[in-house]
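Across the two complexes that follow, chain A remains constant while its partner is chain B and subsequently chain C.
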Partner chain A sequence: MIKFQNVSLIYPTSQKTILDGLNFEIGEGEFVLLIGETGIGKSSVLRLINGLVPHHTGGILAGNVEVGGLSTRDVRPGELAELIGIVGQNPVNGFVTDIVEDELAFSMESLNLSNEVMRKRIEEVLDLLSLASIRDRKIATLSGGEQQRVAIAAAMVLHPKILVLDEPTSALDPVAAEEVLAILQRLVHDLGITVIIAEHRLERVIGYVDTVIEISADGNTRIGKPDEILKESEIAPPLVKLARALKLPKVSLSVRDLRKDTENIRNTGNEVAQRHEVLGRELIKLDSVSVHYGDKIALQKLDLSIRGGEIVALMGRNGAGKSSLIKSLLDVVEYKGTIKKHITKIGYIPQDANDLLYHQSVKNECDQTDKDHSLTVGTTYKLLNKLVPNIKQDIHPRDLSEGQRLALVLAIVLAPNPELLILDEPTRGLDYSAKELLIKELIARSEKGAAVLIATHDVELVAELASRIVILADGDLVADGPTMDVLLASPAFAPQVTKVMSPRKWLTVSDVLKAIE
Partner chain B sequence: MAAIVAIALLVKFLKSDGPWSDSFYWALKLAFAVIIFRVFIGVIIGVPVPGHTLFTIPNIPLPDWMAGITLGGPVTWERVSSTVIESLNIASIIAIFGAATSLTNTRAVLRSMPPIFYEVGMVLVIATTLTPQLVGNLKRIRIAQKIRGISNSKFLSWRQIAMPLLEDSLARALDLAAAMDSRGYGYSRKRSKYRPQKFTFKDALLISTGFIFLAVSL
Partner chain C sequence: MKTADIFRFNGFRIIALTLTSIVSAAGFFWPFFSSSNKSSLIFWIATPLALLLLLALIGQAKLDAKSLALLGVLSALIAALRPLGAGAAGIEPMWFLLILGAYVFGPSFGFLLGVQSMLLSAFLTGGFGPWLPYQIFAAGWLGLLAGLTPKIKRIEIPLLVIVGLIASEIFGVLMDLQFWPWAIGPKTQLSYLPGAAIGENLNRFFSYHVASSMAWNVPRAIFTALLIALVGPGVLSALKRASRKANFVSEIKFI
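Up next is the complex of A and B:
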C-alpha cells in the first residue's frame, strides 16, 4: 500500500537532514504507529505519504514514496484526497467551516460530488463516528475529543483507503482518547483501512496497533510487531519499562498479560512509603471563587489552598474549568469570591510555549528575562545551560527542538525564582526525555519550597510528579487528595503500573522496584 | 431615531449566536461615533446658517480661496439641529447595515449565491472562521506575555504581541492551506454545493417588491 524507498529529505535553508535513507513498506489494513524522538521527522514522514511534503512545504526529496501504486512525486496532494485522509496535529487549524455538517461536506464539494452522494455519505459517517447528535453544532463549541472525531469524519467522507493522523490523542483526556482510538481500531477492523499515527503517549496507543515503525536519531528505521520493537527501543511506555526493570523474559503490552507475570511480586512486595514532602506555609488561598462567561458557569464556588512544596495536578475533562481556575489565579479573568496570595512571584507556562517567545535568538530571550526581572546578566542563560547544555546562543527559538524549547521556556519562567509555578498542559508533543527534564526540574523546585500547579491529562506524568491531585468537573471540585488515593479511586485515571499492580499502592516503576528491594 | 430603536428591538428578538451576531453592537458604536464627529465638525466648520444664536466661538479667519466656509463664528440653533438630523441619517444607515449582517447567516447567504461568486465566498467563509480564532489567540498571547514580564513593565510592547501572533497565524494559515490542499480543494474545476438553497417564488416576490418600493421612493 505504502512504500518508502531510500527516502531522504532536506530543506535548502537548513543544514540539517530531516530524514535520511528511510525504507519501509506498509500493507493494507494495518494499524501502524510511528515512534521516534521529537524533531526526528515523524510529522514529515506522515506528510510525505500524501505528498504535502514536498509539494506543499518545499524541501528536496530524494528517493521515492509510492502510495497505492502512485509516486507522490508525480501527483499533487489534492489528487490523492480520495485515497488518503490526513488529520493534522491540531485539527482545529484544518477546519474550513464552522458547522459540523458543512465541514463534513467540504471535501466532497471540492471533488464535485453530487448532492445525493453527499447526503448519503454524511449520514454514513455521522453514524460511523457517533456524531449524529452534534451535526448542527458549531465546531468551536465542541470538546477536544469531538473535534478530533469531526476531523476524522471529514477525512472519512471521501472513503479513503489510508488514514494518517498526527498525535490524535495528545490533547485529549484519557476517556476521550480511548474513544478516538476505539474508533480508529474499528475503521481498521471493519473497513480494512490502513491507519498510520504518530503519538508520544505510547501507553495509550500501544494496545491498539499491529505494527510499529521506529525512526532513530541515526536515521535507522526498524519496523515490526510492537513487542519486538519496544523490547529494545529507547522510547517505551511504563508497561515495557516495568517489564524491563523486573527483568521479565518477555515484554507484555497489555495490563492483563503483565499481571499474570507479576503475581508473585504483588504478593510478596513490601509497602512503599509515599514521597515525603515538606509542606511549607500557605501560598495561595481561594475562597468560594466563581467564574462566569455570560450565562455559562465555568467555575463554581471553589475553595482551594496551595502550600509551598506541593505539586498539585489539576485534572478533568476539557471544559471542566481548569483554564478558568488558572486564569483567576493569574488575575486575568473576572471572578467572584476572594483569592489571597501570600506570594510576590508567579511563573506561568502556557499551553503553547511559543506564546512566551518573541525574540530572534535564544540570547535575546535570555537577556530580556534578565532585564525584565532585574537579574544579573547571564542568569537565565546559565539556568538554561544547566537544564540542557550546549544550546547555541544565536539560534532562533523556533529552530530549537521541542525539548530544547521547553528548556528555554522553563529557564525564562524559572529564572526569577517564582514561588508558585503554573503550567497549562505542558507535555503536549513532548517525548519521554523532555518529560523527564520537566519532572526533574519541577521536583527540584518544590523541594526548595516552591509550589507547582500543573493542568494536564497525562496520568503517567501525574503519577511521577504530583503529590496531590485536584479534579474538576463542570466547574465543581469533585476530588482533592493525595495522588495515590485519587488515582487509585478512579479506573479512568489509574496509571498503567497501578493497573498492573492493583490492589498494591504502587504508582511508578521506581515504586515497584523499591517494593521488591 | 425611531428607526434605530426599532432595529435594535428587532435584533434583540431575532438574534442568533453566529459569528456575526456582535456586529450590530459594533455598528451601533460606530454610528454613535459618527453622530458625535458629524455634529462636532458641523458646529466648528461649515456654512453659516442664520437663526437664533446659541453661543459664539471665536472666528478663525481663513484664506480668501476658501470663501463660503467659516471656522468658528456664531453657532445657531438651526445649524445644530440640521447637523444632528444629518448625522442621524448616516447613523441609521450604519445601524441598518449592522443589523442586516448580524441577523443573516453569512454561510446561508453564500450557499444561495450564484457559483460565479463562490471563490470570493470561500474566502469570506475562511475569514469568518479565522477572525474569532485570531481574537482568541491575541488574548492568549497577551496573558502569557503579561505574566512573563510582570515584575517590571505594566505595558506590553507591540513586538511582544505581534511576533507570537504573526508566527502563530502564519503557522495556522499554513496548516489550513495544507488541510484544504489534502482534502482536494481546487483540484476539481467545478465545485458542487451541499444542500444548496434554491430561490423560491417567495424570495423573488420579496426582492421585486423591495425594488418597487425603492423606485417609488426615489
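Up next is the complex of A and C:
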C-alpha cells in the first residue's frame, strides 16, 4: 500500500538531511506506529505519504514514495485526497465549521458530491465513530476525545484507504485516548483501512498496533512486530523498561503477560522505603473554598494546605474542578472562603504554554523576564541553557519543538525563583526526554524548598514525580494522601509498574530494582 | 519545479482587472464629465456587472490551497473587525489589517483581500445596496495600493503609517464622490451641478468633501495610522512568519 524506497529529505532553508535512506513497506489493513525521538522527522514521514512534503513545503526529495501504486513525484497532494485521510496534531486547528455535521460535510462539499451521497456517508460515519448523539453540537463545546473523533470522522467521509494521524492521543486524558484508539482499531479490523500514527505515549498505543517502525538518529530504520522492535528500541514504555531492567528473556506488552513472568519477584522482593521529603513551612492554606459559575458548582468547600518541599499532583476527570482550584489560587476567579498565602512569588504554567510566549524571539522572551523581575541580564537565558543547551537566541518561540518550548516556559517561570509553582497539564505532546527534563527540574526545585502543584492525567508522571496526590471529583475532594497510598487504592488509575507488581507497593522501575537488590 | 506562488494577476486577468477598474472608476467620476444626473443609473448596473465579471475570472484561476486559506482567514478577520467600530464616527478598525496583509502578500492578493473582506463584511453589517460594488472596488484598490508599497525594512512602519493615512483619505474621497450627487439635494452651494464645467464641480465637490471629512475621514485616517503604528510591528511579524511558513515558490527537487 505504501512503499518508501531510499527516501532522504532536505527542507529548503536548511542544510540538514532529515531522513536518510528510509526504506519500508506497509501492507493493506495494517495498524502502524511510527516512533523515534523528537525532531527525527516523524511528522515529515507522515506528510511525505500524501505528498504535502515536498509539494507544499519545497525541498529536495531523494528516493521514491509510492502510495497505492502512485508515486508522489507524479501526483499532487490534491489527487491523493480521496486515497489518504490526514488528521493533524491538534484537531482544533483543522476544523473549518462550528457544528459537527457541517464539519463532516465540508470536505464532501468541496469535492461537489451529490446531496444523497453526502447524507448517506454522514450517517455511516456518525455510526462508525459513535458520534450520532453529538451530531448537532458545537465543536468548541466537545471534549478533547470527542473532537479527535470528529476530526477522524471528517477524514473518513471521503472513504480513504489510508488514514494518517499525528499524535492522536497526546492531548487526551487516558479514558478519551482509549476511546480514540479503540475506534482506530475498529477501522483497521472492520474496514481494512491502513492506519499510520506517530505517538509519544507508547504505553497507551502499543497494545493496539500490528507493526512498529522505528527511526533512529543514526539513520537506521527498523520495522517489525511491536515486541521485536521494543526489545531494543531507544524509546520504551514503562512495561518494556521493567522487563529490560529485570533482564527477562522476552518483552511483554501487556500487564497480564508480565505479571506471569514476575511472580517470583513479587514474592521475594523487599519493602521499599517511600521517598523521604523534608516538609517546609506551610505556604498556602485553603479554607472551605467554593467556586460557582452561575448555577454550576465547580468547587465545593475545599480545604487544602500545601507546604514547602511538596510536589502535589492534582488529578481527576475533565471538569472535576482542577482548573477552578488553580484559578482561585491565582486569584483570577471569584471564590468564597479564604485562601491564606504566606508567600509572594507564585509561578504558573498554563495548559497551553504558548499563552506565555508573545515575543518575536527566544532572546526577547528571556530579556523581558529579566526586566520584569529585575534579574541580572542573562539570568533567564542561562537557566534555559542549563535545561536544554544550544537553543538559538534569534529563533521564534513558536518554531521551537514542544520540548524546547516547555524548557523556555520553564526558564521564564522559574527564573525569579517562585516559592510555589503551578503547572496545568504540562506533559501534553512531550516525548520521554522532555518529560525527564521536567521531572528532574521540578524535583530539584522542591528539594530547595519550593512547592509544586501539578494538574495532570499522566499517572506515569505522577508516579515518578509527586509526593502527594489530591483527587477531585465534581468539585469535591475525594482523596488526599501520599502518592503510594492513593495510587494503590485505585487499580485502574495505577501506573503500569504498579499494576504488574500489585499488591506490592512499588511505583517505578527503580523502586522494583531497589526491592530486589 | 517550485511550490505554488501566492495569487497573482497575470496575462489576460491583468487586462480584465484594468478594464473592469476603468468601468468602475467611471462609475465614481462621472459627475465631472456627464451633463445629466441619469448617467449614474448606467453605472449602478455597470459597476456590479464589472465586479461579477472580475470575480468570475479570478474564480477560474484556481487559487492554490495556501492562497485560499490565507485569503479566507484574513478576510474573515477583517470582515469581523468592521462592525466593531460601526456607529462611532470613522472608527473603522478594518483598514489597518487590510493594509498590513496586502503589504506582506503583495498587490494582487491585496486587491483580492480588499474585495473579499468588503463583500464578506456586507453580510455581517447588512450593508447591501447600490453603494456596495463601489465600496468593494475602492477596498480592492486600496489593497492593491498597499501591496505596491516599497519594502524598505528600516522605515517599514513609518511608511505604512503614511500609506494608512493616504489610503483612508482615498477611500473617503471615493465614498464621498459616490454619494455626493445625491447627498445634499440640488440647491446648495456644495451640490452637484449637472452640466457645469469640471472646475466648478471639482470646486463644489472638494468643498463638500472637506466639510464632511471632519466627521468621518479625518478620524478614520488618524485611527488607522494609529493602529498601524501601535500594533503594526506585532501583526506584521505574525503575517511575515505565516508567509515564510507557507513556503511560497520554494524549490522542489526529486533526485
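Basically, the second predicted complex is superposed on the first by the 478 of 517 C-alpha atoms of A that agree within 3 Å, B and C clash if a C-alpha of one lies under 4 Å from a C-alpha of the other, contacts with A are read in each partner's own complex, and residues count from 1 in each chain.
Just so it is clear, contacts are C-beta pairs under 8 Å (C-beta built on N, C-alpha and C of every residue); 3 or more make two chains touch, one makes a residue touch a chain.
Please read these numbers as outputs of a predicted model, since none were measured by experiment.
Participant: Determine, under the contact definition given at the top, whether A:80 touches first (chain B), second (chain C), both, or neither.
Facilitator: First partner only.
Participant: Could you look at A:69 and tell me whether it touches chain B, chain C, both or neither (first, second, both, neither)?
Facilitator: neither
Participant: Quick check on the superposed pair: does A:56 touch chain B, chain C, both, or neither? Answer first, second, both or neither.
Facilitator: Both chain B and chain C are touched by A:56.
Participant: Determine, under the contact definition given at the top, whether A:12 touches first (chain B), second (chain C), both, or neither.
Facilitator: In the superposition, A:12 touches chain C alone.
Participant: On chain A, which partner touches more residues: chain B or chain C?
Facilitator: B
Participant: Of the partners chain B and chain C, which touch A:249 in the superposed model: first, second, both, neither?
Facilitator: Neither chain B nor chain C is touched by A:249.
Participant: If you stack the two complexes on chain A, which partner ends up touching A:396: first (chain B), second (chain C), both, or neither?
Facilitator: Only chain C; A:396 stays clear of chain B.
Participant: Once the structures are superposed on A, label A:355 by its partner contacts, choosing first (chain B), second (chain C), both or neither.
Facilitator: In the superposed model, A:355 contacts chain B only, not chain C.
Participant: Who does A:503 touch here: chain B (first), chain C (second), both, or neither?
Facilitator: Neither: A:503 stays clear of chain B and chain C.
Participant: Taking the two structures together, which residues of chain A meet both chain B and chain C?
Facilitator: Shared contact residues on chain A (touching chain B in one complex, chain C in the other): 55-57, 78, 398.
Participant: Using the touch rule from the top, collect the residues of chain B that touch chain A in their complex.
Facilitator: 19, 107, 125-126, 128-129, 132-133, 140-141, 143-153, 159-160, 163-164, 167-168, 171-172, 175-196
Participant: Looking at the complex, which residues from chain C come into contact with chain A?
Facilitator: Going through chain C, the ones touching chain A are 2-4, 65-66, 237, 241, 247, 250-255.
Participant: What does chain A use to touch chain C in their complex?
Facilitator: Listed in rising order, the residues are 12, 54-62, 73, 78, 360, 396, 398.
Participant: Which of the residues in chain A end up touching chain B in this complex?
Facilitator: Per the touch definition, chain A meets chain B at residues 47, 50, 52, 55-57, 76-82, 84, 86, 88, 90, 92-99, 101-102, 105-115, 118-119, 122, 140, 154-155, 158, 327, 330, 332, 345-348, 350, 352, 354-359, 368-369, 371-374, 398, 412-413, 416.
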